[in-house]
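Notes follow once the structure below has been shown.
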Amino acid sequence: MFRKILIANRGEIAVRILRACRELGIQTVSVYSEVDRTSLHVLLADEAYLIGPAASRESYLRIDKLMDVAKKSGCDALHPGYGFLAENAALPRACTDAGITFIGPSAEAMEAMGSKTAGKQLARRANVPTVPGTSDPIENPEDAQALAQNMGYPVLLKAIAGGGGKGMRVVPSDAAFRSAWRDAASEALNAFGDPRVFLEKYLIGPRHIEIQILADAHGRCVSLGERECSVQRRHQKVVEEAPSPVVTPELRRKMGDAAVRLGRAGGYVNAGTVEFLVDADLNFYFLEVNTRLQVEHPVTEQVTGLDLVKLQIAIAAGHRLPFAWETITPRGHAMEVRLYAEDPDNSFFPSPGKIISFRAPTGPGIRIDDGVYEGWTVPMDYDPLLSKLIAWGNSREETIARLRRALDEYTITGIRTNVSLFRRILTEPEFLRGEIRTTWLDEMLARPYPPAAPPRPGTEEAALIAAALWHSAQSNASAPGGTEPQPAPSPWKMEGRRQQMDHLP
Amino acid sequence: MKFEIQLTGPGVKRKHVVRLERNGDACSSVAIDGEAIDANAVQIAPNAISVMLGGQSFEIHVSRSVNGALKLHCGAHEFSADIIDPRAWRGRKHGPVEVEGRQEILAPMPGKVVRLLAAVGDAVEAGQGLVVVEAMKMQNEIRSPKSGKLERLLVREGQNVNAGEALAWVE
Amino acid sequence: MFRKILIANRGEIAVRILRACRELGIQTVSVYSEVDRTSLHVLLADEAYLIGPAASRESYLRIDKLMDVAKKSGCDALHPGYGFLAENAALPRACTDAGITFIGPSAEAMEAMGSKTAGKQLARRANVPTVPGTSDPIENPEDAQALAQNMGYPVLLKAIAGGGGKGMRVVPSDAAFRSAWRDAASEALNAFGDPRVFLEKYLIGPRHIEIQILADAHGRCVSLGERECSVQRRHQKVVEEAPSPVVTPELRRKMGDAAVRLGRAGGYVNAGTVEFLVDADLNFYFLEVNTRLQVEHPVTEQVTGLDLVKLQIAIAAGHRLPFAWETITPRGHAMEVRLYAEDPDNSFFPSPGKIISFRAPTGPGIRIDDGVYEGWTVPMDYDPLLSKLIAWGNSREETIARLRRALDEYTITGIRTNVSLFRRILTEPEFLRGEIRTTWLDEMLARPYPPAAPPRPGTEEAALIAAALWHSAQSNASAPGGTEPQPAPSPWKMEGRRQQMDHLP
Amino acid sequence: MKFEIQLTGPGVKRKHVVRLERNGDACSSVAIDGEAIDANAVQIAPNAISVMLGGQSFEIHVSRSVNGALKLHCGAHEFSADIIDPRAWRGRKHGPVEVEGRQEILAPMPGKVVRLLAAVGDAVEAGQGLVVVEAMKMQNEIRSPKSGKLERLLVREGQNVNAGEALAWVE
C-alpha cells in the first residue's frame, strides 16, 4: 500500500480523497493556490504546499509544480480527483516518468476511451450500442434520405466539421428532409468551409443514465450498477440518484455488461463511468466514457456500501477486486444534490464570498461531502460547488423525504446557494414520479414559478420581529461601547472580498 | 424601541410599525402596528434569531443584501425588509435610495469586468446586456432594467468589482 | 397516520424524533424548560411550549403539563424518547385518559417487563435463560452450599432486602462458602434488619449484549439482531456496536428467538430491548427489558437500514410491520460513541458552558445524531450527552478507522468533551480484537496512561506560534480601537454561565 | 512582536521566546528562541489557527483554561501555554500566579455547592474531599491537592459557582 498520496485537486473532492487516505493510514499532501491557503483541503491534510496564484493554469493545472511537490514531499502516488487534470493523459505520463503511481487509468486507456470520437469507435468495436447513424459524411441527399427513412424520424443532421450547434438540424419528418439538408449543408459551408454532413437518430427526451465500472490490473472488471443523472441545468448535472426509477434488473444487467465489455476492450483499469442516453423505449446508446471518479460517485457508494476512493487506491496499489459483479447487491435508494454558491433567484449568478454562518444537517440517512466551513471565504476563481448533500433511504420516497428534511435544516448566510432550486425540484410531480429527462429541468425553469405555498401564519410577524431585533443588535454593536456579540458587519465582508480580489491576476 | 419596517415577500409588501423591548440578546413585549402580541425572540447566532409566536417556533436567518436591505430567510420563504431606525431619524442624511427615473445598476456578485457591451450615451433597451462580469468560471451578463440612455459607466474592462458596487447608470 | 406529535423530551433524542416526524410529514410540538429556550429541539420544532423551570421534576417530569400542552396544541400522539418519563407507566395511562396515542408499549406491558424482578419472572415463564440461582431466600447454609456446588463456583450471595452492595459477597470456592454466608447474612441483618440471602451464579467478565425487538399490534414480533454494549464506564454504556464481535449466526438466532418469546409473553407492542449478559462460553442470561427506544438504536439502524423511530410511529398508528425476521439482513458494521460534555483528563467532571466553536465531521460512513450547535450554552441541569457519533463500514476495521478519522475532525471549544477517551479506546489492542467485557473500560481507566505517541515533529513549534498569534489578536481586540474579529472573551462565557445559574432553584 | 511563552505538554515544559510579525489575521516571519523558521499562520475562526510549518499543516484550537493559561489542542495532543506579553511588562502588576505553599482550590466546572466536607481550621490530607459540587446530575468531590490546613472556605452550601471560581485555600 502507498505511504503518502498527493491530492492534485481542491474543494470537496480533495477532502473526500483525504478522508479515504486517513482511514487507510496513508499520509496526505495537498496543494493550494494563493486564495486557497485556508481551504478545508489544506487544513485537513498532513502536508500542504503552495503551487501558485489563483488562476488554475498557473497552479492546479501545472503538472511540473505537482511533480515538484510530489518529489519534495516523498509521495509515492497521486490522486487527480475530477476536473482540472483528471482526464489529461499528460498527468499519468508525468507520474510514470517521476516514478509515482497515478491513481486512475493508464494514459493509453484515457486516450482510447476519453475522447468522444475515440470512445465511440471503441464502443462500436465492443458491440456497445451507439446512437444509430453514420459517422462518415454522406455524399448525396438521396442516400441520406433513404437512410433516414430506414432509421425512422426524427433524425439529426450534423456538420462533419461542426461544433456549437452550427450546421445542425433536427428533421421531424420525411417531408422536411430535403430543405433541412440544404440548410444544414449551406450553414456548414458558411461556418466551416465544409458542407459535408452526417446523420444520427434524434432521441426524443432521452435520459442520462451511467454505469459505474471498476477494473483491477488482474483482469477483473465489474459494474456497480447505474446512476440516473437526467436532472441537468444546461448540460450540468444537479441531482443524481441510484438506482434509476426506470431501470429494470434486466436492463441493469444489459447496460452493465455493455459497460464492462467496453472497459475490457479499452484495457481499462481503475474506476470509470460509461455514460448512456436511454430513450423512452429503454433502448440505451453509448454517449461517452469518463475516465475518472465522478462528482456523483457517492450515490453508488450509498447503495452498494463500497468506498470507491479506497477501491481506486487499492486497485492502483495492484490489489485484486475482492468481489464479483454478482455479489454486489444494491440496497435502498440514494440521491445527491449539488449545493452551489449561486443564486437561483437571480439568473444563477455565482455568489462567492465569506460564509458568515453555516449549519449543516445531520441525522439518519444523511451524508455530506463538504469542502467549506463557517468563516471561510469562497473564492471566486473556481467552480462554485460547495458541498454535496446525499440522502439514503429504504425507498425513493423515503430518500426524497430525507433530502427535503435536510435541505430545510441546511442554513448558510453570507453567500447565496441553490438550495431553493432543490426545494422546488423535490416537490415537482414529474420528478416525484421519476418522469425526468435531460431537458426536464431547463423546461421546468422556463415555466413560470408555480404560486408558492403561502408561509404558515405568523411568518410575516416573525420576520418583522427578527428584523427589528437584529437591526437593533447591529446598531448597538457598532455604537461605541456596544456590548453585543459582534456579527461580522457587511463592510468586513466587503473588505474580505476586496483582499481576495487583489490576488487576482 | 420602535421601528418602521417595509416588509416585502411572497405576495406581501406593507409597512409596519414594530415596537419591542430588548433585554440583552432577547426581546419580549412586542407590538406590531400598535397591537400587543404574544411573542419573544432571542438571537441564537450572529445571523440567526429564534422567534416564538404563540407556540409557533420560527428560526430566521438574517443577512444584508447588496442594496442594504435585510434579507430574512424563514425556511423556504424569504422576505426583504427596509428599516427606518428611530435613532437614524435624528440627523439622518438620506432615506432608502429610491432614485426616480435613473436606475443604478449594481454588481450582483463580486467578479471581474471582462467586457463592456454598450458605451456612454448609447440608447439601451430593457434587458439589453451592459456589462459582462466573470466569476467562478462563468460569464454573467448584467442587463439594463429599463429602456433609456446609458448615462454613466462606472467600471472599465479588467476591473475587479465587489457585490453591490455600482456598474452603470441608466437614465 | 398521526397529524401532530408531542415530543416529551429534550436534547439529541428529541431532535432525532423530530426529524423522523418531519420526514413523515407529521407536525411536531416540543416542550422546554426555562434553560432550554434556545435548544436545538426547540428551534427545529414547528411548535414549542415552555413547561417550567430547569429542574426536571418541575418541567420534563410533569405529566400534567405535558397533557396540557398536548391538548392545547392538538397533538394526537406523544413520543417519550428515552429517560425522563419514558418508562413510567403513568405516562401511557395519562395519554389514554387524554385520548392521545402513546408511542411505546402499553402501561401493562411496561409494568410486566420493565422492572427487574417482574422481567425476571416473565423470562422464566417464557423459558428465557436467566442467571442461575434462586430468587427466594434459602433458609439454611447446607442447602445453599449444595446448590452452589451444583451450580459451580464462583457464586454470588445477595441479600433479599439488599441494595447498594450491602449484604453481597462473591464466593470464589467451596472452602470460602461458610464464612461468606455468615458475613453476608450478618451484614444484611445490620443493614436491613433482615438476614435472608439468596444465591446466584457469578458471571466472570460477562459481556453486555442486547437484542432489539419490534412488535406490532397484529401479533408480529421480530428481532433486529444484537448490539454489543460491553464498553461501559461505571455501568454507563459509552461505545456500542452491531454486530457483536462474538455473536455467531447461531447465537444470534437463539438470542433473537429468546427475546421475541419474551416480548410475546409480555404482550409487548412497539420497540423494545432485551438485555443479556453473555459469559465467556457464550451462554446468555436475561438481564432486563428496556421498554423504550435506546440511546444506541442508531447502530441497529445503520446495519439494518431501518428507521426505528418511524417504525415506532407506524406501529403506534396501528400499521403492520412490513417485514419478517428472516428478511432482515444486517449489512456491514456500525459503531457509536457517546460524546459527553465531561473532561476525561479531570475525573470526568461535567463541563457545561457555551460552545464557542464547533465543527462536526461528515463524509462517507459518518452519521451524527446531534443536539447542540455553535453558540449554544450547554446547560448544567441535564445529562451531559451532546451528540452521538456513529460510523458505518464494510467491516469492523473500516468502521473503527472511520470513527477515528471522524474523531480527529471533531472540534469543539468552550467546553470539554470526552473525545480523547474514545481516541484511547479505539487504539487499545484488546478493543481492536473485540475482547471486551463490562468491566473492561473501568479496568483500562485504572491502568496508568500508556506513554502517548509523541506528537509529530513541529507540533510544539506550531502550538507556540498559535499561542502567540491568538494572544496578540485577543489583545488587539480588547484594546480600544482593535479591529480584529472578536473571539468571545472568557468573561462573556463566565457571564453566560452566571446568568444560567440564576435560573437554578 | 515578542512573546515569552511557557509551554507545557506531553513530556514538555520549557520557556520559549517567540517573535512574529502580524499582518491582519495572519503572521509570517517567525522566529523561535532567536532562530528564524519557515512558518506562516492564519486565524481561520475565532478560536482556531492554521499553522504551516515547512509543508506540515497544523490546525490548532485555542481556548482559555480556568486558571487563565491557554489550552492548545492539536489533534489528539494538548498543550498549555502561559504567555508573558511584552506590553504587559510595562506596569504589570503580577506574574503568573505561583503562590508558594498556599494552594487555591478552583471549581473545575460550574455548578452548585451541595456539601462542605471540612471546616476552616481542619487538618486535611492530600486527596481528601473538601467540597461537593453538583452539575449535570453528577456530584463531584473537589479534593485537596496537598496535606495541610484548610485556611479559608470561600463558598457556602447551596451557592452556585462558576468554573475557575476559588472554593477554598489550603495552607
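When the chains are written out, they are named A, B, C and D in that same order, and each has its own residue count from 1.
As a working rule, a residue touches a chain if its C-beta (ideal position, glycine included) is under 8 Å from a C-beta of that chain, and two chains touch if they have at least 3 such contacts.
The model shown is predicted, which means the values in this text are computed figures rather than measured ones.
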### Summary
Overlap of the subunit C and subunit D neighbour lists contains A
### Query
When the contacting C-beta pairs are counted for A-D and for A-B, which pair yields the higher total?
A-B
## Note on the structure
Whole-angstrom distance, CA centroid of subunit A to CA centroid of subunit D, is 48
### Task
Please compute the C-alpha centroid of subunit A, do the same for subunit B, then give the distance between them in whole Å.
33
#### Entry: Interchain centroid distance [CA atoms averaged], subunit A/subunit C, Å
40
### Query
How big is the gap, in whole Å, between where the Cα atoms of subunit B centre and where those of subunit D centre?
46
### Task
Could you list which residues of subunit A touch at least two other chains?
44, 373-374, 408, 485-486, 488
### Message
Can you pull out the residues of subunit D that are in contact with at least two other chains?
### Response
45-46, 56, 59
### Message
Quick check: in the complex, which residue numbers of subunit C touch subunit D?
### Response
341-343, 345-347, 349-353, 356-357, 380-384, 408, 411, 413-414, 420, 423, 452, 454-473, 475, 484-488, 490, 494, 497-498, 500-502, 504
### Message
Please output the residues of subunit C touching subunit B within their complex, sorted ascending.
### Response
29-30, 37-38, 42-49, 72-73, 373-376
### Query
subunit C touches which residues of subunit A in the complex?
15-16, 19-20, 22-25, 44, 298, 301, 305-307, 331-332, 359-360, 362-370, 373-374, 394, 398, 401-402, 404-405, 408-409, 485-486, 488, 492
### subunit A-facing residues of subunit D, complex
42, 44-46, 50, 52, 55-57, 59
### Query
Which residues, counting only subunit D, touch subunit C once they are in their complex?
1, 3, 5, 7, 9-12, 16, 18, 20, 22, 25, 27, 30, 32, 37, 39, 41, 43, 45-49, 51, 53-54, 56, 58-64, 70, 72-79, 81, 83, 85, 87, 108-112, 135-138, 140, 160, 162-164
